[in-house]
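Pasting the structures in now, so scroll down.
Presented sequentially are two complexes of subunit A, the first with subunit B as partner and the second with subunit C.
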Partner chain A sequence: MTSSASKRLFKEYKGLSSDPPEGITAGPVTEDDMFLWEALIQGPEGTPFEGGVFPAELKFPKDYPLAPPKMKFLVDVWHPNVYPNGEVCISILHPPGDDPMHYEQASERWSPIQSVEKILISVMSMLAEPNDESPANVDAARMWREKRDEYERIVRGNVKKSLGL
Partner chain B sequence: MELSHDLPDSTDWIDTSLPAFEPLEAALRCEVCKEFYNNPVITSCSHTFCSLCIRRCIGADGKCPACKSACQADKLMPNIAVREVVTKFQEARSKALELARKDKEDSETSVGARKRKVEEAELDEEEPVRQTRARQTRRSARRGETAGTDDAPFVILDSEEEKDGDYLPEGMAKCPICQELMKAHLVFDHVNTCTGEPGDRSTRSRKPSSFPTALQTRPKEPTPPTSRLSGLNYAMLTESALKKKLRDLGIPSTGSKALLIRRHQEWLNIYNSNCDASDAVRKSKRELLRELDEWERTQGGNANTKESYVMKKDFDGQGHAMAHKSQFDDLIANARKRAKAVQKSEPEGKTTREPNQEPQQQPHVDQSTTTQAPHPSTAPPPADAPAARPYEHNESALSTIKAKVDEANRTDSAFPSLSCEKSSSNDRAAKEAEMSEETTLGFQDPFRSPSRKVPMFALPAEPVCDVDSSTAIQ
Partner chain C sequence: MTEQTLNIPQILVFIVVTALAVRWYLSKPANAGTRPAAANRAAPRISPAQIDQVAQMFPQLDRRTIAWDLSRNGGNVAATTEKVLSGRVLETPPVSFQPPTPRAATPARTATPPVKPAQPDLITRYNLASKLGKPADPAPEEQPKPKAWSQDRNERQSNLQKRREEMILAARRKMEEKERAKASGAPA
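After this line comes the complex of A and B, so read on.
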């Protein structure tokens, strides 16, 4: 039994493995369950995240791609747009109807033509350029604005921790 | 899951001599489902999607997925030009891909061969993209004669050629009688009427470049839908009125009102998208109902029960044992009866711990005895019970088991070796009594040690199931 969702996910998986974007690896944890993926994202160069490899998990809804997946880092990521529990708060992961604050452009949000690849690329650029207008982690956002040195020190510490150093 | 690993995809072109076909094919695929456009329709904002995909998207948020402008399902128009292009491209695809792959292989081979055979390599490189099949055959035949070193690549080519001969475009299938190529969902209806003689259509579908479709006669579908269904104002309908509407449409009318609404919407999507199909590929209502049934199983009312994957960590051994307790009890009773009939006295030795308590002993099974029965809840068929463990008086078997039990207790392995089960099957008759006793005890496992996961389903060794704990690491 294959739903259209798992078929599409399989296609995305195939596309990602035969033509992977730089610094990104992603795929289902097991091929028995297309709705749970694991992704590895390299820290973008020229940022305090450089050198790090950040594992994250992606959970897809049964009606994917009508609804977006949920993404959660599996290691500590000190970042204004990542909740302390690792959940990623980024506009591309928000369904179009779900915007009580009206701070996001509709065009930035989830649409069925988005893909895992685009999500992961967006997350990579989010690591490089935090959006502190709607922080998920207020402390990290304030530190990023006011005490950039300390912010970068914590981030580098997390990078080392994620590498097991 | 039935997903094959050779699902056609635009990235198939990347490793061929025609990488430029990758974006071409991507452009011929729907951005929502990533398949080739199926019944493409164009929106009022001039974006094209599969009819079913865009109808589902509009049902979800009423906007075009590409530009987010408001969209209405009744403004969708079939995009006939795209439909024709996609159909023709799909027909040509397998052949073109085969040639492009072969060409790439040939040019790689020739680069390797150049060191040895400069002349020949030059010949190969003359027009690497525009080789014809005849030319390749000639050349490969010649190569086969010339050098033994060159044999290997051509063996590969031949086998690949065979494989590609059986290649079916996505969604297509062959009639088992006349070998005619057609859309997979049409096969069943076709088989009923198939005369067994390959028609001229079959030659056409094998040679994509012959006549234009318009000149071919195609069989008409039995019930071509004529007009699109219109939506209902669900808020104005009571549940029973809605049920009646669904019954009138001939679709299932069970479930809550929310489910009825979702089912009705999906039926509109399926039905109306079929109206956007060309006459030749329009489906019968029966096929549409089958599609609705699939939706029901994956996303509708049955989704939760049928699609839940049982993870090892989620498997409730105790619950399973409780649910099937009566079956287990029957099996136990049977085994005991047989055991008594054959032999009353209990043998001394490791395998029987509590010989005097037979009928009531279920909760008091010795731990090591418990582990001896590897899969109590996986394999409870009574017929197998007598054959499972005839170890009585078999010292070597007993010692093997003891070792395995110790090992199992040490490592708490979820999969106690099956080999003891296998080795035992030799001398079943003599040891029947003993073995049924053990089997009996084995059924206690789920009750006794719920934490010990019994392999209910074959699961991958690397789990999924550590996700929770790994998230907790932070």
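After this line comes the complex of A and C, so read on.
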């Protein structure tokens, strides 16, 4: 089980390195442990996240790809779908059975035909378009809805801070 | 029938558990009355300064032992000094005993960081401080791109590292330029 999971992760790593999607760099922290990755995601253009680079940690379960990884940002990300501790909450990271609210369609959720690349692309578009229905950070969600200026100011501030400026 | 045979061990277990629970309950007040309460009550009465005073005179003594003796005699430095000088061995403090720490602010400070851990910025995180301020690599597009996938494991690792660094440094340069443009554009 474990070795088939590592093999699959290694294959995905190879794919992501040979043909990286725009604005995404991802790979294992060290090849000794294929179950812990670090990814960099560029903030999508035309959004307050533009210009930023957001590091995130991906932790894969031993039964990957049956179960999805967990993803956590390693810098402050002020976003309705990111918990204050950095954990990302989007449908592709949830297994099909695990949806108490029934707002997500099965096709959007995790299945073994998804991949790290698809997760990272989904997260990138999540940055651009928050999903207001399932806020992980209620305060950020409210601000995004009611005080968009302030929300964007905080996001831009975090971007600058994360670049050490 | 099977139900009957199952019940006997269950009853036995129940009796044993009940007996233990009762014993624990009865013995609790006696313990609680002496040890932890005494330690808790006594600890605030002695100050780190008093411990320092004794520790300076007798550097061979353990600070915890000193604190324990002070807490038992109500913070009487003279009594503790006397005891050591007269050759008596100070009692070893119980494990539960918490001596006051020299830094009184410790509990407050340890309580705050978990609430809001300051995330290091990317420059610190990836050790890029030394690479800042350098101009971009001359015409990066024209350079042969480092082969993204190598058969060599170490080379792969360093390629990935390089791609990460480039991504961050490029973002930083871009942001700096933007800031500069904004600063020079503002007065106009």
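Everything below uses one rule, namely that the second predicted complex is superposed on the first by the 163 of 165 C-alpha atoms of A that agree within 3 Å, B and C clash if a C-alpha of one lies under 4 Å from a C-alpha of the other, contacts with A are read in each partner's own complex, and residues count from 1 in each chain.
To be clear about the criterion, a contact is a pair of C-beta atoms (placed from the backbone, for glycine too) under 8 Å apart; a residue touches a chain by one contact, two chains touch by 3 or more.
As the structure is a prediction and not an experimental result, all values here were calculated from the model.
S.K.: Identify the partner contact of A:53: answer first if only subunit B is touched, second if only subunit C is, both if each is, neither if none is.
M.R.: In the superposition, A:53 contacts subunit C only.
S.K.: What is the contact status of A:111 with respect to subunit B (first) and subunit C (second): first, second, both, or neither?
M.R.: First partner only.
S.K.: Examine A:5 and indicate which partner it touches, taking first as subunit B and second as subunit C; both and neither are also allowed.
M.R.: The answer is first: A:5 touches subunit B but not subunit C.
S.K.: Quick check on the superposed pair: does A:18 touch subunit B, subunit C, both, or neither? Answer first, second, both or neither.
M.R.: both
S.K.: Tell me the contact category for A:40 with respect to subunit B and subunit C: first, second, both or neither.
M.R.: After superposing on A, A:40 lies in contact with subunit C but is clear of subunit B.
S.K.: With the two complexes superposed on chain A, say which partner A:63 touches: subunit B (first), subunit C (second), both, or neither.
M.R.: So A:63 only meets subunit B here.
S.K.: Taking the superposition on A as described, I'd like to know which of subunit B and subunit C A:163 touches: first, second, both or neither.
M.R.: After superposing on A, A:163 lies in contact with subunit C but is clear of subunit B.
S.K.: Look at the residues of subunit A and decide whether subunit B or subunit C touches more of them.
M.R.: B
S.K.: Return the residues of subunit A at which the contacts from subunit B and from subunit C coincide.
M.R.: Correct list for subunit A: 14, 18-19, 30-31, 74-76.
S.K.: Show me the residue ranges of subunit C that touch subunit A in the complex, using the header's touch definition.
M.R.: Listed in rising order, the residues of subunit C that touch subunit A are 119, 121-125, 132, 148-149, 153, 156-157, 159-160, 163-164, 167-168, 171-172, 174-176, 178-179.
S.K.: Write out the stretch or stretches of subunit B touching subunit A in their complex.
M.R.: Per the touch definition, subunit B meets subunit A at residues 1-3, 7, 9-11, 14-15, 31-35, 53, 56-57, 60-61, 63, 65-68, 294-295, 297-299, 303, 306-307, 309, 460, 462-464, 467, 470-471, 473-474.
S.K.: Within the complex, which stretch of subunit A touches subunit B?
M.R.: 1-8, 10-12, 14-15, 18-19, 29-34, 36, 57, 62-63, 65-67, 72, 74-76, 85-86, 95-97, 106-107, 111-113
S.K.: In the complex of these two chains, what residues of subunit A are touching subunit C?
M.R.: Result: residues 14, 17-20, 25, 27, 30-31, 38, 40, 42, 51-53, 55, 74-76, 159-165 of subunit A touch subunit C.
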